[in-house]
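Next come two complexes built around chain A: one with chain B, the other with chain C.
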Partner chain A sequence: MTSGIKKLSRYRRHRWAAPALLVVALIGLGTTFSVASEAPAAQNVAVTQQSSQITEGKRIFLQGCSSCHGLNAEGGAIAPSLIGVGAAAVDFQVGTGRMPMADMSQQAMRKKPVYDAVQTAALAAYVASLAPGPQAVDPTSLNYERDGNTAQGGTLFRNNCAMCHNFAAQGGALTLGKYAPTLMGVDPKYIYEAMITGPQSMPKFSDKTISPAEKLSIIKWIKAAQSEPSLGGASLGRVGPVTEGLLAWTLGLGLLIGIAVWLASKAR
Partner chain B sequence: MSKKEQIAGNVANYVDERTGAAKWLKKNLTKVFPDHWSFMLGEIALYSFIILLLTGTFLTFWFDPSQNEVVYNGSYVPLQHVSMSASYASTLHISFDVRGGLLMRQIHHWAALIFMVAIVAHLLRVFFTGAFRKPREFNWLIGVGLLTLGIVEGFLGYSLPDDLLSGTGIRIAEAIIQAIPVVGSYLAFFAFGGAFPGHVFISRIYTVHVLLLPGIFLALITIHLMLVWYQKHTQYPGPGRTEKNVVGYPLMPVYMAKAGGFFFIVFGITAFLGAFASINPIWLYGPYTPGQISAGSQPDWYMGWLDGLVRAAPPLETHAFGHTISWNILIPGLIIPGILFTGMALYPFIESWMTGDKREHHLLDRPRNAPNRTALGAMSLAFMLVALINGGNDIIATHFHLTINGIMWFTRIGLFVVPPIVFVITKRLCLSLQRADRELVLHGRETGRLLMLPHGEFVEVHEPLSAEKIYTLTQHEQNAPLALPDVDQNGVRGATGLKGKLRKRFSVAHAEQVPSPTLTEAKAIEHH
Partner chain C sequence: MTSDIQKFEDPGLPEHVHRKADHDENAAKAAEKKVAILFVISALGTLLLIGSYYFVKSTTFIFLPIMGDTNAQQLGIGAGLGIALLFIGLGAIQWARTLMPDTEVVAERHEFRSEDKDREDFVATVKERAGAAGLGRRSLIKRSLGLAVGLVGLSPLVLLRDLGPLPRKYLSTTDWKSGTRLVLDPSGRPIKPEDLEVGAVAQVLPELPAGTERTLENIGKDAVLLIRIRPEEFNLDAERLSWTHEGIIAFSKICSHMGCAVALYEQQTKHLLCPCHQSTFDVTRAAKVIFGPAARPLPQLAITVDSEGYLVAKQGFTEPIGPSFWERSS
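This part shows the complex of A and B:
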């Protein structure tokens, strides 16, 4: 996922990037226009499309998920029920590669997604059709750069997230071998979905606890922390004093003793 | 004699006639210092302290030790318009809006870490070579005092900027104070001028950090150095070196030139770290607010072992007479450190009690020749190391894919099991090193050259050691356990009480040794 974005962003500065984007935008505009002008017919198409999406989603679910989550997503001995978790949870879990779970370890890990965007959407539509739940997040609706406030986001992050994810969102250990992962390089969409679905040991942050606008501020702060250059020199992993102490004992004392040995053997 | 020289001579004469300075200077400037890299560890500590004084003074010009609430509007964008304490805001100001401020802060903090590293390394050198023995017990005590104060000084400095990590540290310190039975909650109330976090704590610890403790440091360091001066430096054993002399270089000019140069090297390395390695990036931590806490909150390394002990303690509390005694904080936070530091301070006296050795020592021990002491030291180090590892358990867990609970159980068991194992292994190791020395003296150095004997057998040619080397390897004393009679000459039962029995056992353990080859043994081999 992120590597894909990295690959894409490598082309950002390409000299053809601007013209290419223009072409894409124009085609997009044209399509939107033609779709909009055919609105009544499109509605019907959308409904049938949706039901076929759900059927497709159910088909994938029976293949890839039902062994753990049950034939009707009702849950089983090893995995929870998915009824009511909503499209957002599926989009997050499958989009970040956590599901289908590879092994029954402490915690489903982020890995290369097994399903592509279309299949994920189908799965999400299927699970959402079972019972209402949080909608998957449309990335274009997250204009955090415009609507967010970094300072507010930082305060909210320290209040709600830092105890698990570390002050600089570098991740941290929880009990029993679980851990809160680093948030560096996570898609804004998945940050938002993580907050509204509360994956695994992470609590759910409803819109009452943290309003949608505040969620955007948090995302903006995380992105700012990610792109912040290391201001005082090498960052040493941003994990606090442990690496600092290690460096003092190894490089610091090592250099000093090396020179002391040299001095003591010198000028004899 | 030129005119200039004449004037200089007159001035010198004038001063000397009134102060007797010439004689004093001559005596002291020609004072001899032995030369060994491990004798420079204390110097590193001294120079780091000077660096701390210089950079710390720079910081005081802008640092505002107050917990008054202000709204930040400096140049660090992610915190603009956030309300915070004045001390946090002024630290941000030093970092981003004072020219060279961040560099000074970083040098100050790196110097603090290296100061403590050097103190500990110096202490280990003194311990493992037996330099603390009579007549240097006082200086050992002063050293333990400096170490303790260094930990406190560093902790207070770490707490000054009032960021999220340091606030968490103060909170733990408060919990430790509160855990003192009966008076704890009053003491905490007194220290914080009310309920935590209060409004006075930062300004109080500021005075202690920049005035009181540095003053005590200066006084103690002065006495420490004067004692070294007066008692003369110890030296490693070797030909020509005895308990009665010091072999080395005169203070002036050789030693002074080296020491002066070394100061700049220490400064250079600290400045290098300050320039290129970020330390305590408080702007990332955010301001302290009670109720916030970050994953991976850590103290600096010299407090890490204490934090590790507290983290390892299982929850254990008793309620009695309306008071709660939190053993889970009291034991790791106060009782164990108390035992450790008291034991360390008293060790010179304990050892001389165990061995019955009341003589002066100016020649150092090679660590292998004092197996019991070396093993005790290694054992204490192992204990500290296990505790220190647990202090970083969350970081270790995430970076090495281990579980916090696993590390915690390793610590809980390891604190009791690892030190004794280390003791036994170290002692065995020392004894086998002694045995190797003995072999070396008796049979010489292996040359790697093979010799074919007439009947076809191969033997390796051994080269006899130089007389100097043999001396160095055999000069150490041969220990004998204390002869403690069961009943002394007055008919008083001596070694039969518990204390006497313990002493007897300790002295036997301490005397364990591979005997140095005797002259007859050496002769016998030669005739071979």
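This part shows the complex of A and C:
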């Protein structure tokens, strides 16, 4: 181990040591960035109905949810009551894999769903049977391409969504480790359900303040933003001046410093 | 003691070491080749630029690892020009470093003061030419020139006037008055309390009198965030509680720190976060600052409902909204 370090240390004053370190650092930065900016794949869930859905849903609830949400979904110290949240909330939280939570951290993260479409529908039916609430959204009813208006959606998005989800819907930070997730690659059904149920930190956007037609416009705008080609080259995550500055200061200045060092060095 | 201090002799300048290429003809040849390679790379860069312009379709996108989907033509043009310019520079530097003469020359600074003869000659020339131009005789030119130069000198005064006038009451007032309806931004629809569920928010503006145009300046002052929570969650004094309506509370969206739009509302913690400097306001305690650089809570707008059941302002803001300014009274 020590001999290895000694070997390395022998080269630390080599004339290529500084440029090599710079190249390694830049490649590391680039790789981290490209891995971090990969969007999670979209998923599509078909919902089927069953006669004994509610009974089945209760069985799953008691097994998988009741330890936190209570035997009767009344909530507890670590989890909210689910009475009246409606099928839409269950469909969103379970369908996107946020529930059941993997750990009690700041925020439930989007991940591979634990329950399949049938089980999710059963859970949703059970929770909806406790008290009325928003119904799960039928994806075929969301004909946003036909009914939405991209320009109106953009205005609504900038007024109501952009402060948390970023002006290009890339997501952003909230307080104490919480964050607004990116909306890229999110199923339109889940975007709609999030707006009517207000999951976790997100507030609700009532149908009276943002009408169902306006919600479709918002979805259409998000989808348009997602398919927008990046004509200006690397989009750098579309999060604005932060990544641009980071890259300019590390890559740009690093390159200039490298050239300056080379300029001033004595040729052999 | 002082004599014990070791004294170093001034080592002077290091000996001038000649480069390999200075005395080895083969090394010089190799260096020449290196420089030529750099210049040829530059030429290839220009060819890449021209080729991309003529032979790559402007609609072609290619996938690159870090860049993502990139327009191939733009990439070729940019990279080509970049390579062309960079490698001319690199080649020139390499040339200078390895092949151009590297003799060291010491250039002494000359005295700043001109020699006496030069100074006298200058004064004589100025005097002679001024007389020849006839400034003393041609008084019309002299006066009109004075007028022109003098007026040019005045022009900054006119332009600097735009720094004023003082804002007077503009920063202290908004379009919110007693009875002004809250309308949704951007749809402009008025809003009833029952339109907002518990946990919901709405971005609202004051309804302006018919025929009044809403300017960006208006929105910058008037923007209000409407939040509905459970009334029992409020932790307000009696006056501020009377400014809410059935759990609906309204705050100016303009941050009291630097004027950013504070609208990152976390409905579980009831915290409002400003995206610019992370000032955090507690909605249940009249937007009290619980974190960050803001010095004052967000101004609260007193709201109630009118006879038709629409939400209206009970009164205008009782304090200036937004960040501090010189003339601010409180």
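Following the convention adopted for this analysis, the second predicted complex is superposed on the first by the 202 of 268 C-alpha atoms of A that agree within 3 Å, B and C clash if a C-alpha of one lies under 4 Å from a C-alpha of the other, contacts with A are read in each partner's own complex, and residues count from 1 in each chain.
Keep in mind that, in the parts below, a residue touches a chain if its C-beta (ideal position, glycine included) is under 8 Å from a C-beta of that chain, and two chains touch if they have at least 3 such contacts.
Computed from a predicted model, the values in this text were never measured in an experiment.
Peer 1: First (chain B), second (chain C), both or neither: which does A:Pro229 touch?
Peer 2: It touches chain C, and chain B stays clear.
Peer 1: If you tally the residues of chain A touched by each partner, is the higher count for chain B or for chain C?
Peer 2: Touched residues of chain A are more numerous for B.
Peer 1: Per the contact definition in the header, classify A:Ser52: touching chain B only (first), chain C only (second), both, or neither.
Peer 2: Touch status of A:Ser52: no partner.
Peer 1: Of the two partner chains, chain B (first) and chain C (second), which one does A:Gln200 touch, if any: first, second, both, or neither?
Peer 2: It touches chain C, and chain B stays clear.
Peer 1: For A:Thr209, using the defined touch cut-off, is the partner it touches chain B, chain C, both, or neither? Pick first, second, both or neither.
Peer 2: Second partner only, chain C.
Peer 1: Per the contact definition in the header, classify A:Gly252: touching chain B only (first), chain C only (second), both, or neither.
Peer 2: A:Gly252: touches chain B, not chain C.
Peer 1: Name the contact category of A:Phe167: first (chain B only), second (chain C only), both, or neither.
Peer 2: first
Peer 1: In the superposed arrangement, does A:Ser141 touch chain B (first), chain C (second), both or neither?
Peer 2: In the superposition, A:Ser141 contacts neither chain B nor chain C.
Peer 1: Looking at the overlay, what does A:Gly177 touch: chain B (first), chain C (second), both, or neither?
Peer 2: first
Peer 1: Of the partners chain B and chain C, which touch A:Leu156 in the superposed model: first, second, both, neither?
Peer 2: second
Peer 1: Counting contacts the way the document defines them, which residues of chain A are shared by the two interfaces, the one with chain B and the one with chain C?
Peer 2: 155, 159, 163-164, 172, 174-175, 180, 230-235, 263, 267
Peer 1: Considering the complex alone, what residue numbers of chain A touch chain C?
Peer 2: For this pair, the touching residues of chain A are 30-31, 33-34, 37, 155-156, 159-160, 163-164, 172, 174-175, 178, 180, 198, 200-206, 208-209, 214, 229-235, 262-263, 266-268.
Peer 1: Quick check on the complex: what are the chain A residues that touch chain B?
Peer 2: Interface residues on the chain A side: 106, 150-151, 154-155, 158-159, 162-168, 170-177, 179-180, 221, 224-225, 228, 230-236, 238-249, 251-253, 255-257, 259-261, 263-264, 267.
Peer 1: Spell out the residues on chain B that touch chain A in their complex, using ranges where they run on.
Peer 2: Within the complex, chain B contacts chain A at residues 35-41, 44, 77-82, 95-96, 102, 106, 109-110, 113-114, 117-118, 121, 164-165, 254, 258, 261-262, 265-266, 269-270, 273-281, 283-286, 289, 291-302, 304, 392-395, 397-399, 402-406.
Peer 1: If we count contacts the way the header does, which residues on chain C are in touch with chain A in the complex?
Peer 2: Residues 17, 19-21, 61, 65-71, 74-75, 78, 93, 97-98, 102, 184-187, 191-192, 194-197, 199-203, 227, 261, 263-269, 271, 273, 275, 278, 280, 291.
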